[in-house]
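The structure's right below; bear with me while I get my questions together.
Labels run A, B, C, D and E following the written order; every chain starts at residue 1.
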């Protein structure tokens, strides 16, 4: 498989160059002087999302740099989650949803025929608003992804054939849990049901589960909204650390949180428009747009 | 039925006097120097609410002045809604809920045997977090309360007997809708289903419905949380106007909103405790307690 | 068996006789109405219902549909042929009344003089004899059709029978044994009584096991429901005892179903009633101790003969009730309706035309006399 | 931006490899269809198809199919075909492959060594185990193709070589004689094999691995859904097709051809005459019909609804609105669910023992109504309760907050909001009881061929009496017919309906059709109502 | 409202009594009297009906009158009392069913009693011997052949309905595009709506003769085809209950799986099905319950001879099931034979009741489990 795609790659590469060029121009139209350092990991260009007749996201064009934290903020219903879900095509799950425009991941268009959704979602992981561990043991939760991808075999058959990757799995579990700052709390009860963990622990477990498949991007949709302040601050620290290796995109309704943890911030306002996108400091100290300023100072929303 | 309660009232009056005396003492213990102008409309004293074994509200003592807006703020789960619902005994509807302590309305204890719940709730109206109009026409929504109380008769029988109060009903509908700042928008479609209105209109309809039974107090539990900014600001204006005739108690999770619209603010913190209660300006500019200050400046919550 | 009623151990209302007088039912005063009307001299015009034997069904049902149609005498459809001379029993009848009007008026009913509106309506339910006997005894219906004697059906003594019901015999059946087409095509058109007995007692199960038969095919032994008159008569007349044991592959509720099974399957043998034979359901000759009874009416010994061992009476039982005239076994509706079958007209049209055997004149006269006692 | 990982994102299988697997899937589908056609006697086992005898043709196709998928598997293993196989086909596939091989082994063993001998089972265990191992141990592309491909080839050879020819019969040698014949075994074998190979081919089409399994499973699930719909369509189409001639016997359209219908004193002559539904059975009719049974069914349903709906809704109100959720409501819930699943014949027995002695000691319309009412009650209760539970508590709170009493809230807010659910539930429930035979068999069944003049007239039957209970209705206390019972009676009465019905078979099928139409129209109305209400309430 | 005191006590009887007393104190006397008269009248009417008394009408009329009066004057309380009475009547019907069918099956149980270790066990012989013969001596009413028949039919039906039903439920809740779903779902419901007698009719006239020819059996009537037909009839039950269970698995769980890069099928097998396992098994169990109770198709397709097939696994012969025994014999049966039919009814009723309670228990556990997760 890898060989075939390899040969095809050249065609797509060429198209990307042009679209990428356009993208940057359009972004510059919107925020004349925002230039981040490093490579763009995800690029959306003229992205529109509809739910039935409802136009939820309008013409969003943005470049998200790699290995940094990008926060998406805005009032409720402005389309933050919609935008986030369009980055790993989780919107496909919603039957009424329809997507126009383009999103590129590492320069590859993800809204094209033949795209391997499984592979895409492996590489663009996601953590949800409320923790959603599987009703299985902690160990199984972490190894779930790799097992389904065939990277680790732990099944009965594999064990019978002496082919199981027990050690590898152990290692992976430990590593993922350490990265998610959960190892110390659960090391001695890996076989307990994950539903027995506290909310904050469950959310970190979900992050660990996401990390276990070694993604490149982690999308987080209000990951701390269901948590108490202590758990929240743990998650915030964790996100900060993750940005060293991963590209993190996080939706939050808490402006203080966005200010604390993100490198750049995109502000959506009602109607599904991306109104401003810049370094976080800039947005919070000196936004270009009056509406953004009103929003940030709590005049509405 | 009202006669029965009326005759009972005299007995209770005497008890109330003494409890009311105690109440004021306790309030002064908590906030040594908060004295508002005017009469107290609602007074709670040593109020505890339990949900099963869960102690949701702890020893809350507070006096709410009439014809003003009192805001209740605090982090999620701190018991704001619980407190609000205990003011018109809507907590009775939650099977696991148990209330200790006293709440007085116009000096009458509402947690006593023989209290007429129907009468109480008529006089202490309530507007809910998400708009909940009945799936009936706008007209029917407004006249629902008066009709059920027998103040207006519009039934088939009444019409046959020539006894229906059609004009009166029309008048009431117009008046309530005007008060709720909705008349202009719906005057020509009173017979449309209320579910066809927008969220903000629905919420104002609910306020109009509440006003139609001519209450003295209006309790509002995050009435704007499900609305967009424009609808929110309409509701806020409305609340401001209502305070001229009614006593308004409003729960909000939006501190800016509390600052904008309320005369006094009560801050609950996690655990169901009332931590501070004072003029709104005072609370937002110079709170007594460090925790309240942290909360208001967004350090947590 | 016995007379313990079908509502089992339900409660107070135990015996059929007791409930049927209506004293204990709650909302219904239907039956009490009826009895009081009768004893008061007037004639109830309630629906007359019959139930039971699938053998008697063709007779009763055809009669019932003639009755309900209450057609004028000019109408060929009920007079057999439209040509007056050929009407069977015309001399006897000689009337210009409508059909049901005529028969009913003899028992004191007012003629309606309306087509399709008989002085009282009749209906016939199809099940089998056991059900019919049960139903009439419990007062559920007016007439219980049975192709086996009620004594054998319900295990009664003759004395009990005489005290409880009267037996209206309306015709005869020469119970045939039939085989399916493939069997008769193999040339099997005659069996001995012993062979049939062997088949029905599970001693042979392949046609080729019979002497002189080379057809290698499992025998599909079809029986009638336990409690059906056809089954009871067959056990009684063929196997020697109403409670004789037998072994069959299938039992079907009604003769019609048996006929359908015989026509649908290979290797089948069945016992049934004459009315249901056809070119797919072929009666065979039976050799009883040297006498061969042929299925052909013109042969020397035939299954239509009264000495054919499987020959049986077809009954319409009615209950002896206090409310009936003279406390006898028939009320006037029952008598009027049954009387129709006892005329020459009825015997020809309802009995003989259904391939059954009309009653001999002497028996017929005896029956007529008994029924006519109810005339006002 | 490592090139290897990046290219994974876009699937890059060439059209030709997909085509090979695609052809195999198509071939399997063809064989599947062929086997069904054989079951339905559209194609005869002894006949020919495009000039070739059916059995060898099928055998050849099976061999071809088996060969194709084995070739694909080996091609993939050797790297000629672009796939992403897992290291093993997995436990499920291994068990799935072991089962048919076990059956094959047992059959071959039993035929050779005689059935019932241990030899067959031993052989089956061996072949099953080998198939299991051959699936489980090698890489997935081999494991999921070789054993199943071989099975297909084996089946094909058996058919092609004539070991199982069109006249093949295997007497099982049981006491009650039964045999397996080519007429059954050939299509059954083809059906099973084509499903298996189709599954394997679909996996191959998806390139094995997670995606392959996904495709394979989806193929089977789609076939299943399609088959269910097909069964439904065939059942309906067949009944309609067979029933139409009887239904339309003597039908006429035109002014003044129909019977007169009186409604509120007005008498109208219908412009349609459909004797089958407008007549009873009578000697003088030109065409016979089942009107009394239709009317009987109508009254049965009315009676059951009048009994069960108020009771069910009332109980649902008490349970949802008044009763504290606790042991009592739980007990009622268990009881209603128990009633819901009680077999209809038990309701019949109960009606027989309980109602019949209480209503004139005879089978009667009233007993039938109540028995069906007992059956309908739990259905109404359960659906009403669900509908009321799904009325948002906000409505109740809003009403309570306006100071409105509980019963007024129920009447004015809860019931209207629950109405769509209740109505839908009742209609569907009515559809179910309208088609029930067993309970009315024991409690109501009347005559088989009922004259039109005996059509029940419940309204006209009421009369007042001087003795308690002062009101009587003999029509209610008489047995009458209903469509399902009439059909049952027609089945048991078989042929020989007597002279009155010209074509008994048409008459029976037409009765079945009418019953189907009556019952399914309740369902159609119920399902339609649900869609309507859902659509209507959507703008919430 | 005196009924409140009659409600089943929950251990805190004292408190209940106090509550009731307070309730009585607080309620208007007029309303109390009305409701008391109403409920007494209703009870009297019930007693009269049970006793088959022609006076039943009097208390019933009184009930109607007081209820009407109460409705006009004390609607709140009357409505409450009436709905309580309606709830009670639901329980009453179940109770009556139990009493009547059990009571009716008593006599034959003592006839068929058997002595083991010196103890007389009623009805035991019905389950140890295999002979059913209501006519010739010795008359025996064994239930074994019918239990065998019911078992065989149910097993075959389950083999048909369970996998196909669960697969169809998966299809409907997880796979089908909305347009297809809108067709298939009502289709399945309509399948449930086809009256069983129509299945029986088609089975008797077409399937049975076909099977008889194919399997070269002696005559027609096979458990195999009855089982298949009954399975088809149980299918809709399985589909709709299983679909409910599958779609009640929270979307967040499914999304969680998809978001780590699994195929839809992997998500279904590894997350959705295990999470909904108890609900799906409840669906299958309910389907089994339906199959056990199916009557008419079996009645018209079977042979009607109560005996075991030979050998027991010979599904090509269909003798008799518990349901068809009743439907076929109720007419002419009397005395012990009738009681034996009630025994068959009792067996059916008890089995299905156990199944119903079992599946409710399973569903309850599933709800609890999923409720804990979300």
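We take it that a residue touches a chain if its C-beta (ideal position, glycine included) is under 8 Å from a C-beta of that chain, and two chains touch if they have at least 3 such contacts.
A quick map from chain label to UniProt name: A, B = Phosphate ABC transporter ATP-binding protein; D = Phosphate transport system permease protein PstA; E = Phosphate transport system permease protein.
Since we're looking at a predicted model, the values are computed, not measured.
With steps allowed only between chains in touch, the distance from subunit B over to subunit C comes to 2.
The chain pair sharing the most C-beta contacts is D-E.
Ranking all chains by how far their C-alpha centres lie from the centre of subunit B, first place goes to C.
Rounded to a multiple of 5, the C-alpha superposition of subunit A onto subunit B involves a rotation of 175 degrees.
Note on chain placement: the centre of subunit A and the centre of subunit D lie 45 Å apart, centres being C-alpha means.
Inter-chain spacing, taken between the CA centroids of subunit C and subunit E, is 39 Å. If you average the CA atoms of subunit B and of subunit D, the two centres end up 55 Å from each other. Counting partner chains per residue, subunit B has no residue touching two or more of them. Residue positions of subunit D touching 2 or more other chains, listed in rising order: 177, 210-211, 352-354, 357-358, 405, 469, 491-492. Annotation for subunit E: residues 49, 52, 54, 56-57, 100, 104, 218, 262-263, 266, 342 touch two or more other chains.
Residue ranges of subunit B in contact with subunit A, taken from their complex: 228-229, 232-233, 254-256, 298-301. Across the complex, subunit E is touched by residues 169, 171, 174-181, 183-184, 210-211, 213-214, 217-218, 220-222, 224-225, 227-229, 231-232, 235-236, 238-239, 310-312, 314-315, 317-319, 321-323, 326-328, 331-350, 352-354, 357-358, 374, 377-378, 381, 405-407, 410, 428, 431-432, 434-438, 441-442, 468-470, 484, 487-488, 491-492, 508, 512, 515-516, 519-520, 522-523, 527 of subunit D. Interface residues of subunit C, counted against subunit E in their complex, comprise 1-2, 4-6, 8-13, 24-27, 127-131, 133-134, 153-154, 205, 218-220, 222-223, 225-228, 235, 242-246, 248-253, 261, 264-265, 267-268. By the touch rule above, subunit D contacts subunit A in their complex via residues 1, 3-14, 82-84, 86-88, 90-91, 94, 136-137, 207, 209-211. Considering their complex, residues 7-8, 10, 49, 52, 54-58, 75-76, 79-80, 82-87, 89-91, 93-94, 96-97, 100-101, 104, 164, 167-168, 170-172, 175-176, 180, 183-184, 186-198, 200-202, 204-205, 213-218, 232, 235, 262-266, 269, 286, 289-290, 292-296, 299-300, 309-311, 314, 316-317, 323, 326-327, 330, 341-342, 345, 348-349, 352-353, 355-357, 360 of subunit E touch subunit D.
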